[in-house]
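Across the two complexes that follow, chain A remains constant while its partner is chain B and subsequently chain C.
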Partner chain A sequence: MSRPRVIPGFGLSLGTTVVFLALATLLPLGALVLKSAGLTWAEFWGYISDSRALAAYRVTLLAAGAATFLNLVLGVLTAWILVRYEFPGRRLLDAAIDLPFALPTAVAGIALATLTVPAGPVGALFAGFGIKIAYAFPGIVLAMTFTSLPFVVRTVQPVLADLEPALEEAAASLGAGPFTTFRRVILPELRPAIIAGGTLALVRSLGEFGAVVFIAGNLPFQTEIAALLIYIRMDEFDYVGAAALATAILAFALTLLVAMNLWQGRLYRRLHG
Partner chain B sequence: MSARVSETTRAGLRGHPGRIALVLTGAGAVGLLISLPLGAVFYYALREGWAAYFGYLLAPDTRHAIGLSLLAAGVALPVNTVFGLCAAWALAKFTFPGRRLLISLIELPLSISPIIIGVGYLFVFGLQGVLGPWLDDHGISMAFNVTSVVIVTTIVTSPYVFRELLPLMLAQGTQEEQAAVSLGAGAWKTFFRVTLPNVKWALFYGLTLSFARSLGEFGSVAVVSGAVRGETNTLTLQIDLLYHDQVQTAAFAVASVLTSFALVTLLIKTWVERRESVDSP
Partner chain C sequence: MSIIARNITKTFGAYTALNDVSLDVPEGKLVALLGPSGSGKTTLLRIIAGLEFSDPGSGRIDFHGTDVTDIPAGKRGVGFVFQHYALFRHMTVAQNIAFGLTVQPRRERQSAEQIQARVKELLKLIQLDDLGARYPTQLSGGQRQRVALARALAVQPKVLLLDEPFGALDARVRKDLRRWLRQFQREIGITTVFVTHDQEEALELADQVVVMNNAKIEQVGTPQEVYDQPASPFVIEFLGNVNRFAALGHPLPGAGPDVIYVRPHDVDIQRHYEGEHGVRVRVQHVFSAGNYGRVALVRLDNGDTIDAELSRVRLKELGLAAGDEAHVVFRHIRLFPAGAFVERDVAADDATPAVVDAGRDI
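Moving on, here comes the complex of A and B:
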C-alpha cells in the first residue's frame, strides 16, 4: 500500500496480535517440534510407527472419517431444511445446532457414554440387536459426530441462503426435476462450503479428546485414539515419545488444513471467476 | 460461529410429502442427537433428588473446582477480549500480505487437539521444557499448578472473541471510521465511539462463548494441571474424577452447571442475532 493509511492503530493492533500469537501458539508448538528435533530420523520413525501408535491412528482416522461422512450428510440436510422450509420448531432447531460448541466436551462425553452403555436407555435398545455403542468403535464415531455437528451446517447455511433463486427456476423451466436441480445446479455452488465445513469437522474429530475418552473404552490396539496415546505417553514420563507422536499428528492436521484451503480456493475461483 | 442468514421466503410443508420426509429425517436425527445427551445430564443429575444434588455441588472439592474454573475463565476472558479486538481490528480494517495465514494461525487452537497444546505448553514451561529448568532455578513453577491451568485455558479459548468479531467487522468496512477520522476524531475516540458500538452484540456473544468454553476446557487442562483434588482440579477434571469414582450422580450434578451455562450461551446467541438483524435492516 503506497498511500498513507487513514485509519489509525495498524501498528499497535497488528503488533499486539503477532506478539500474543507468538507467545500463545507458536511458542508451545515450536517447543514441541524442537523436543522431537533432538531425535534422529530412525528414532523419530520408531516412536511414531510402533504398532500401538499405528493402531491408534487407524482407529482415529476411521472414526473421524465416519463421523465426517455422517456430518456431511446430516449437515447439508439440516442446512437445507433450515433455509428452505418453514416448520414448527425451526428456530429452536437452528439455535440448538450450536449446542456442541457451547457444551464442554467432557459433559458430552459422560452423557453420551451413560446413554449408550449396554445398560443405558439407548444402549439397551441397540444391545437387543447385538450392537455395542459405548466402549466400542461406534461410540467413538458418535462422540466425534456430536462434537463437530455444527461445522457443516454453519458453513453451508449462509451460502444456501444467498443462492440466486433464478438459477433453480432456470433449471426447472428447462425441465430438470428437483433431484437433478439439486445435484447439477445447487450442489456445485455449495461445494466450496461443504469442503470447508467438512475439513473443519474432520480436523476437529481427529483431535477430539474430551468427548471420546469417556465413551471409547480406551483399550490399546482397539479403541484407543491418537490424542489419548499422547496423553498416556506424557503420563508415563515418556516425554520424547509424546513429543514425537504430537509432532507427527500436528504435521498431519496442518497438512490437511493447508491442502483443503488450497482446494477450496481453486474451486471457488473456478465458480466465481 | 454465527451464520448470518438472510431471510429468504421459506416454503411450507403442507401437501408436500417429500418435504415432510426431509424435515422429519433432518430435524429428527439432529433433534435426538442434541436433546438426548442434554436430557440425560439433568435426569442423572437430579435422580437422587434436589437435596442430594445441592449436596454434591457444595462438596468442598467441587466448590474448589468451581472457584478454579471461574478463576481460569476470569483471566482468559479479558485477555481474549483485548486480543480478539486487536486482531479483528488489524485484520478487518487493513489489508497486508499474509492476512489469510495470520487468520489461520489465530484459529489454530480450534482445530488442533487440545492435548497437543497442553503437551507443547509443558515443553516450554515444564521441567522437561525449554524455559522450565531456568524458571525452576529462580524458584518459579509454571507446570502442574494453578498458573498452568489458567494459561492453557487462555490459549485454547483465544480465538473465540476474534471469530465472532471478524466477519461482522469485515462486512461493516471502514467508511464510518474514515469519516470519524477525517472529522478530527482521534484513534481511541474512533474506536470507542464508532467501532465498538457497531460490534457490541457480536462482542457480547463472543465473550459468553469464550467464557463457556474456558469453564469447560478439558483436554489441555488435563495435561498441565496434575489434577490434584482440591488444588488444581477444574470443573471438568472434577467431573472426570467423580465419573471414574463411580459417583455418577455427582459427576452429572457438576455437569449440569456447565450445561446450564451452555444453554444460557445459546439463548444469548439467539437474542444477539435478533438484535443484529434489528440494528442493521
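Moving on, here comes the complex of A and C:
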C-alpha cells in the first residue's frame, strides 16, 4: 500500500468523492424514497399500478425501447462513417453529434414538434401517407432518439477507431465475406461499447421529459409518459403519489443499469482478460 | 506450390514501397524476406497474400503457374499469420481455429463433427491439446502465435505467409518457436514465406534469404551465399558485424574512395609479426564473456577502430590487455569500389595470413 500515487491523499480524495456523490445524487434520491416510505405496501402498490400509470409505463418503455433500437443502428452507423471514411465536413458532423446535449431539451422538443406537425415541412410529407408524428407515438420516439443520440456514437467511436485492421484482414484471408466479417468479428468486438452506450441511451430516454412533453400531445392512456405523470401528480399537490411513481421508475432504471453493467463487464473481461 | 512475383511496384501516395520487384519462391521452400523497416518486405508479403495489390498495370503474381494477381486473399488459398496474431478475442481457441472452416459457403462447408475433428487435430499439432476452451487473453504470447498459425492452417492453404512471426516474443520463446516452426514446415512441406528484420533469424531458419532494402531486392540466396558472398555493401553491413575502412588511393578516377569490409572473425591478432602486410594496432578493450572473445583495437597509423572476434582459447594464448600493442592481419577482405564489387581471399588458408593495406591490394 506504500506505492507512490499520482494523486496524493487517498483519504481526502475518497472523502471528497463520497460527499459529492451524496450531495448530488444520494440525498435527493434518498429523500424521494423516504417520501414514499410513509406509505403502506398496499397504498404504494395502488399508486404505481393504477391503470393510467401502467399505460404511461407502457408508452415510456415502448418509446424508449424503439428510440434505443434506432440509436443503436444509427449510432453504430454514424460511428462507422466518422471513423472509417474521410469526407468533406467530417469534423463538422463529428462536432454536431454532441448538439443534442448542448441544446435545452425543451427547445429540441419544440423544434421537432414544429417540423413534424402535419402542417410542418417534414410532417406534411408523412401526413401524405397518413402517418402522424407530432402529438403521437412516433413523435415521442423521435424526441427520445434525438436527445440520446450521442451516447452510442460516443461509446462506439473510440473502440472502432482502436480496432486492429489485422482482425478484418485475418477474417478476409480465411475466406469470410464482408458481411460475415462484420457480424462475426467486428460486432462482437464492439459489443461491450454498444451495450454501454445503449444502456445510457435507454435510461436517458426513460427519464426524458423536456423534449417529449412538447411533442407528445400528452393524452392520458395514449401519449402520456411516466415522467409527465409524475409532474401531473405534483401539480395536483399529490407529492406522495409522485414520489411513489418516481421510486418505482428509479428502481427499474437502477436494476437495468446494474444488470447491463454486469453483462458489459463480463464481455469486456473476456475481450481484455 | 511455387510463387512467382513479377515486376511488382507499389506506391502509397508519394512513397514508393516496392520498386519493380521480382521474386521466385520454389515449391516447399522456407523463404525469409529480410530487411530494415521501410524496405518494403511486409508490403511484398501482403501483395503475395492478396491483402494489398500492386499498382494498377504493374506486376503479376503466379501461384504454381496460375495467375492470381487480381484474386483477393480469401480466395487465394493462403494462410496468413499476423505480427500481433490478430486472434478473435471473443472466441475460444477452438472457435478461432475453426473460423475459416465455418465461414465457407454452406454447400462446401464440412459438418460440425468434421470441423471439430480438424480443430482437435490442429490443437494437437500446435501442442495445445487441452487449451481449446480458453480465450486468447488467457494464453501466453508463444501460445497465441501457435493458435494464429493453426487458424491459418485450418483451411489447408497452399502457401503459408508470416509477418514478423516472432517479433513480439521474448528471446527464449522466440528461439523455441523458431526451431519448432522449422521442423514443422519441413514435415508438412508447405511453401512458406516469412518477413523478419532479424538477420540471425533469417539465416538460421530459411532455405533462401531475400535481402531487401529501399523498395528493392538486394540479393537472393541461401543463408551461406548471402553471408559469404554479399552482393552489395548494404548486404554485408546488414548481415552481422563488419569492420568498414576507407581504402587508400582511387582506382577509378573520379569515384569516391573504395570501401573495404572485414568480418571481425577474419581479423587475426599476432603479438609478433615479421611479414609485410601487418597493421600495427593498440588494444583498447578485451571482452571475453560469451562464446567468443572480442577485442576492440585502434590502428596506430590512422586511428581507425577494428573489432576482432577470436576463440577464447586463442585469446588466452595471446594474453592481451588494454594498452598492449600488437599486429593485425586480415584473412579475408571484401572491397567495394564505386560500382563494381571485387572480392579477394587474402589468405589461401588461415595459417599463412597475408596482406592488407587497402587500395593497393586488388
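We adopt the following convention: the second predicted complex is superposed on the first by the 265 of 273 C-alpha atoms of A that agree within 3 Å, B and C clash if a C-alpha of one lies under 4 Å from a C-alpha of the other, contacts with A are read in each partner's own complex, and residues count from 1 in each chain.
Throughout what follows, a contact is a pair of C-beta atoms (placed from the backbone, for glycine too) under 8 Å apart; a residue touches a chain by one contact, two chains touch by 3 or more.
Values in this document were obtained by computation on a predicted structure and should not be read as measured data.
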item	value
Chain A as common anchor, with chain B and chain C clashing or fitting	fit
Partner chain in contact with A:Ala171 - chain B first, chain C second, else both or neither	second
Most chain A residues touched (candidates chain B, chain C)	B
Touched partner set for A:Phe146, first chain B, second chain C, both or neither	first
Inter-chain angle, chain B to chain C through the CA centre of chain A, in degrees rounded to a multiple of 10	90
Smallest separation of CA atoms, chain C relative to chain B, angstrom	12
Chain A residues contacted in one complex by chain B, in the other by chain C	none
Contact set on chain A toward chain B in their complex	1, 5-10, 12-14, 16-18, 20-21, 24-32, 34-35, 74, 77-78, 80-87, 89-91, 93, 95-108, 110-112, 114-115, 122, 145-146, 149-151, 153-154, 157-158, 161-162, 165, 178, 200, 203-204, 206-210, 214, 227-228, 230-231, 234, 239, 242-243, 246, 249-250, 253-254, 257, 261
Complex contacts: residues of chain B adjacent to chain A	1-6, 8, 10-13, 18-19, 22-23, 25-27, 29-31, 33-38, 40-41, 44, 82-83, 85-87, 89-91, 93-96, 102, 104-106, 108-117, 119-124, 128-130, 154-155, 158, 174, 177-178, 181-182, 186-187, 190-191, 209, 212-213, 215-219, 222-223, 235-236, 239-240, 243, 248, 251-252, 255, 258-259, 261-263, 265-267, 269-270
List of chain A residues in touch with chain C within their complex	164, 166-167, 169-177, 180, 184-185, 188-189, 191, 267, 270-273
Residue numbers on chain C that touch chain A, as the complex places them	49-51, 72-75, 78-80, 82-84, 86, 88-91, 99-100, 103-104, 135, 137-138, 151-152, 154-155
